[in-house]
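Read through the structures below before going on.
The same chain A turns up in both complexes below, where it pairs with chain B and then with chain C.
Presenting the complex of A and B:
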């Protein structure tokens, strides 16, 4: 194999593969990146056996071939090179010679055959979606997923293709974020896919604002194809909890509030909470909501925001992070708060098909 | 320099029985399984020990050695009650107290020595008070660290009082004749490896440079052996109220590769930790497991939980999640389970996060709590082997 490639192109590709390769691989081959020539481009592939990424970069191919090279070493070398072009030549012993300007490196690889094969996606399940739409859906939901490793089925985002809608849901059992997008879903292509957190993070990192993404799935694998990238991931097995049943069907009260104002008030008041007593109180009174925190040994804070409210006074306590999480990611100027009483879930909505259910804190 | 005292009650269970039942005094008493059942001696009175009977010996063997011995079934609740009183007396002498087990504790005398003419005078008064109030005898070791104090309390049993040397050279010479098994952390497996290298006594171990121990035991444990062989030990006392973690580990007699035994061991370790947590009404936010391979390579994995836990069901679920994630292949030398980030019962209850999918887990939790209470009570009364978890763990 003999190729020429631009430094910033290959660097960009290696940067993406670096995100996949774990620091503690169990198999040596998983620390390597698979390098394959293909007409006028080079494919770089990395996997941790859960999530794999394949990325194409333009290259001048003089002699086709393939090998695997230690990803971290390759990345560190190329990052430090001063010239803009790099020539790579690999012999049949998988030893690669890198020449760039006055620099020369020889690094030892492993045979391509040792690299784990990627899953094949030959079934009919396929959807096309705007990259920006998928990205937006993940941005507005993924933060609510659980990192509790004892509940693996919550360690990701559910993408549910059903009833002519794509629904993205994430929950950690304390709050739940949901976003919907109209999408034609033929009956034989309905499915619930739980995408693991690591793959979601890669998508958030790599999805752009233009172009489409093709989503395919087979039994326990999903793939996202967009731009010059192919991201493959294992699906989380297990049944996602019935999230529809925890969404309150009606609300006693609904108030409209300026998103920024609510966000920054909660952020300020939360300064006087502690790890041990991590809650802010929302007091709904005549035409205002008072956000407050009282923490023993620390102090107290109050801030009020005018809203339209006429019912009897009502207090609800929440974890301030859980209020701020959706607010900092939404874009609409106004949001709606819906609630019934101090022990029932609160709901945050906005003008787009977004919904956030939040359980209160029980005090005492 | 620290002044630490280690107190070890003499033949604790047997002495309590002899105190409570005067007719047993002066007779060989064995607390443990009856001689016609499978089971072992928990404690033998000093009269019984003259026949060569010791704890952990099968009761049948003990019976053969001394057919006249009186066998008594353990009354754990009573021993726990006496233990509480021993600890209360110790606490009156110095509040810097670390209970190690029912019949053993460390006491830091640093803050109270100025009330006494000498550490020895304090120790005499302490022993006398235990004798006056409880009718029991105890052995005491006084030294500059935990390791030496514990060796001291064992030297002149029963009713012993031993002042350990202080000068570093004297300490090294003092320790030299003892077998390596006296060193904290040296169990049968480590002792066997040392023996294979011709090291049986602490003195022989002192002669080995640390770098030669590293390939055998890894860096950390090599340092441990090297330091303790010279009587160097800077472990602090762990006061009950500031106990930051609870853990339990087992070194297998022979490296263990059986998935069933490993699973069962993990269950027992976790249950033991669970019992200790619940006994003090504590809950834990972090669960950790530890595995050590035959080459001493050691891995730990931990998980932080959104809500603190203390039921066996929850502890086992977390433990097995970690264990499965490690995907252990091949035999293990050691398996450990621990919890940290403990939440004390006395602490004011912080606001509790309500849960979305609560109904089923909550009912399940209530059942788990009741089950643990029942099991703990049975084990407290009849010993921990009375019940064993069957089938697969969650």
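Presenting the complex of A and C:
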């Protein structure tokens, strides 16, 4: 194999693969990046067996071929090179010679046969979506997913293609975030995919604001194809809990409130919470909501925001992070809070198809 | 002066003494009766117990039954149909053989036996009270044998005193039933306690069916099938995935030739089979069925046949280890192929390295050198009391620095040793920190302060979790519901052995109730005799809960360690975990200098 590439291009590609390759992988081959020639481009592939990323960069191919090279070494070398073009030649023993300006490097690779084969996506399951839409859905939900390893099915974001809707859901058992998007879903292509947190993080990192993303899935694998990138991930197996059942069907009270105002008030008041006492109280009184925190040994804080509210006074306590998480990611000016009483779940909505359920805290 | 001549004891007394070996509690009565029923070829066994079996245990079977003479002989000591001569012991294929059980049981209870031989027109009923034969008469009744044991130990008050509360005995009985049910899935079995049906198990079942019926489908999903052969030993059954491991050994069921058995060899082999897969204080869940030619295993070691001896230890050990490895490795291979989850890759099997029990995930080696000094805020106002000045909370002596200076003006993380201990450098020396113990201490103090202030924050769960406890742990849990609730656990009974949890103390972050509760109760059970063991204390619950919650964490980041060190510095008793283990070991520079001969 003999090729020429631009430094910027290959560096960009290697940067993406760096995100996948773990610092301490147990199989040596997983520290390598698979390098394959194609007509006028080079494919770079990295995998940790759970998530794989494949990225195409333009290249001048003199002689086709493929090999695997230690990703970290390759990345560090190319980053430090001063010239803009790099020639790479690989012999049949997987030893690669890099020539760039006056620099020469020889690095030893491993045969490409040792690189784990990537799954094939030969089923008909495929959807096209705007990159920006998918990104937005993941931004507004993924923070709510769980990291509790005993409940792996919650360690990711559910993408549910059903009833002509794509629904993204994440929950950690204490709160739940949901976002919907209208999408034509043929009956034979309805599916629930649980995308692991690591793949979601890669998507959030790489998805752009323009262009489309193609989502394909086979039994336990999913792929996202966008721009010059292909991101593959294992799906989390298991049934996602029936999230519809935790969404309160009706609310006794509904108030409209300025998102920024609520967010910054909670943020300020939460300064007086502690590890031991980590709750803020929302007191709904006539035409205002008072956000407060009292922590023994530390102090107390109050802040009130005017709202339209006429019911009897009501106190609900929440983990302040749980309130702030969605508010900092939403974009609309106003949000709606829905609630029934101090022990029932609270709901945050806005004028887009977004919904957030959070469970209150009991104190005493 | 009493008569001191040596005498041959009467049969009644001899039987009562023997009863001490065979029958020590209602559960052992149940075991003997169920084994007899199984040996009689029963297809169905019904068990009915009252008041923890102390009041009544009745076992009915539809087995072969006995005629009048056999029935009378069956309650004599060393009367058995199962062996004829000593050589038979070496090729035993029945569960019982010693011929002691019925005689022993009958000597310490009000005993009634009704039996009808297969094909006979009428049956026999006999009663024995405290070892003395009463009525023997003809009786009707279905084919098979029913044995009823009432008022166990009524005539041996010393032994009766050692019985525990009915609920505790009931737990043991259920365990005994469960063990037989697992060992003999072909036999249909029912258990009724105080008029309440507990289990109804269909016959002609497989082991998998039994596990599902007894423990639930979800439980079964966490087990991997085992099937292996080594020399003359065949091993089958199920092995729990490492994630299903528990804090106690309670769910290790090992059967040899369908007989529940234990032997040091087996326990060691199970541990060895999970080597590198489990932390040292976790125990795997296993259901193992060993088939060994009867002449290669000696079950005549213990009257209750609990312990066995093997003619060839190594063969049995290698068979169990091999079986577990094969079963778990196939799981591992699936993990690799599908690229799933964070669990250990198969390369770890058989690897010499110790399990990574608490790795710091983001510790780049270079960073340690440029790491900024970490000032410990609270220290300036309130120095930690290494020399225990009066008025300060009494720090336990363990690991407290001895030169009278606080090691805590600043510190920095140097790294981690043995994938567990965090190595810190301070102005005065080195500190080795056990992050588990430190975490426990910090969490425990927070929790107890909240409890003491009557201000426990409880985070409600979106979906309540139902958790099925074991018979042994459900009783104490049930007794302490109020206390658990006061401590922030939204817990209530769901019927049977199942609890439903709809809120957890907020301090435990994202902990899962399904994992936390069983660990908590078994931790409380296993902490052993405390001052007053019948009641759980708030402190005990807090200790157990914190320990379990920390167990769920198996990764640490550098930022978390810094936070932990800060939190620990402001703890009342930073030097030990709530269970008394040291949180840190301190090595002063002067000590180092001395050791290097630089003084």
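In the analysis below, the second predicted complex is superposed on the first by the 364 of 364 C-alpha atoms of A that agree within 3 Å, B and C clash if a C-alpha of one lies under 4 Å from a C-alpha of the other, contacts with A are read in each partner's own complex, and residues count from 1 in each chain.
Heads up, the rule we're going with is that contacts are C-beta pairs under 8 Å (C-beta built on N, C-alpha and C of every residue); 3 or more make two chains touch, one makes a residue touch a chain.
Keep in mind the model is a prediction, meaning the values are calculated, not measured.
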Chain C versus chain B on the shared chain A, clash or fit after superposition: clash
Chain A residues touched - chain C or chain B, whichever exceeds: C
Chain B versus chain C as contact partner of A:234, first or second or both or neither: second
Contacts of A:179 with chain B and chain C, given as first, second, both or neither: neither
Contacts of A:50 with chain B and chain C, given as first, second, both or neither: second
Contacts of A:223 with chain B and chain C, given as first, second, both or neither: neither
Touching partner for A:160 - first (chain B), second (chain C), both, neither: neither
Which superposed partner A:27 touches (first chain B, second chain C, both, neither): second
Chain B clash site on chain C (candidates 135-143, 351-359 or 405-413): 351-359
On chain A, the residue positions that both chain B and chain C contact, one per complex: 26, 146, 148-150, 152, 171-176, 241, 246, 276-279, 296, 317, 319, 343, 345, 357, 359-364
Chain A-touching residues of chain B, taken from the complex the two chains share: 303, 305-306, 317-318, 321-322, 325, 327, 347-357
Residues of chain A that touch chain C when the two form their complex: 23, 26-27, 47-50, 52, 116, 146-152, 171-176, 220, 234, 237, 241, 245-246, 275-279, 296, 317, 319, 343, 345, 357, 359-364
Chain A-facing residues of chain C, complex: 243, 336, 338-342, 345, 347-348, 364, 446, 449-450, 453-463, 488, 490, 503, 506-507, 510-512, 514-515, 552, 554, 567
Residues of chain A defined as touching chain B within the complex: 26, 146, 148-150, 152, 171-176, 241, 246, 276-279, 296, 317, 319, 343, 345, 357, 359-364
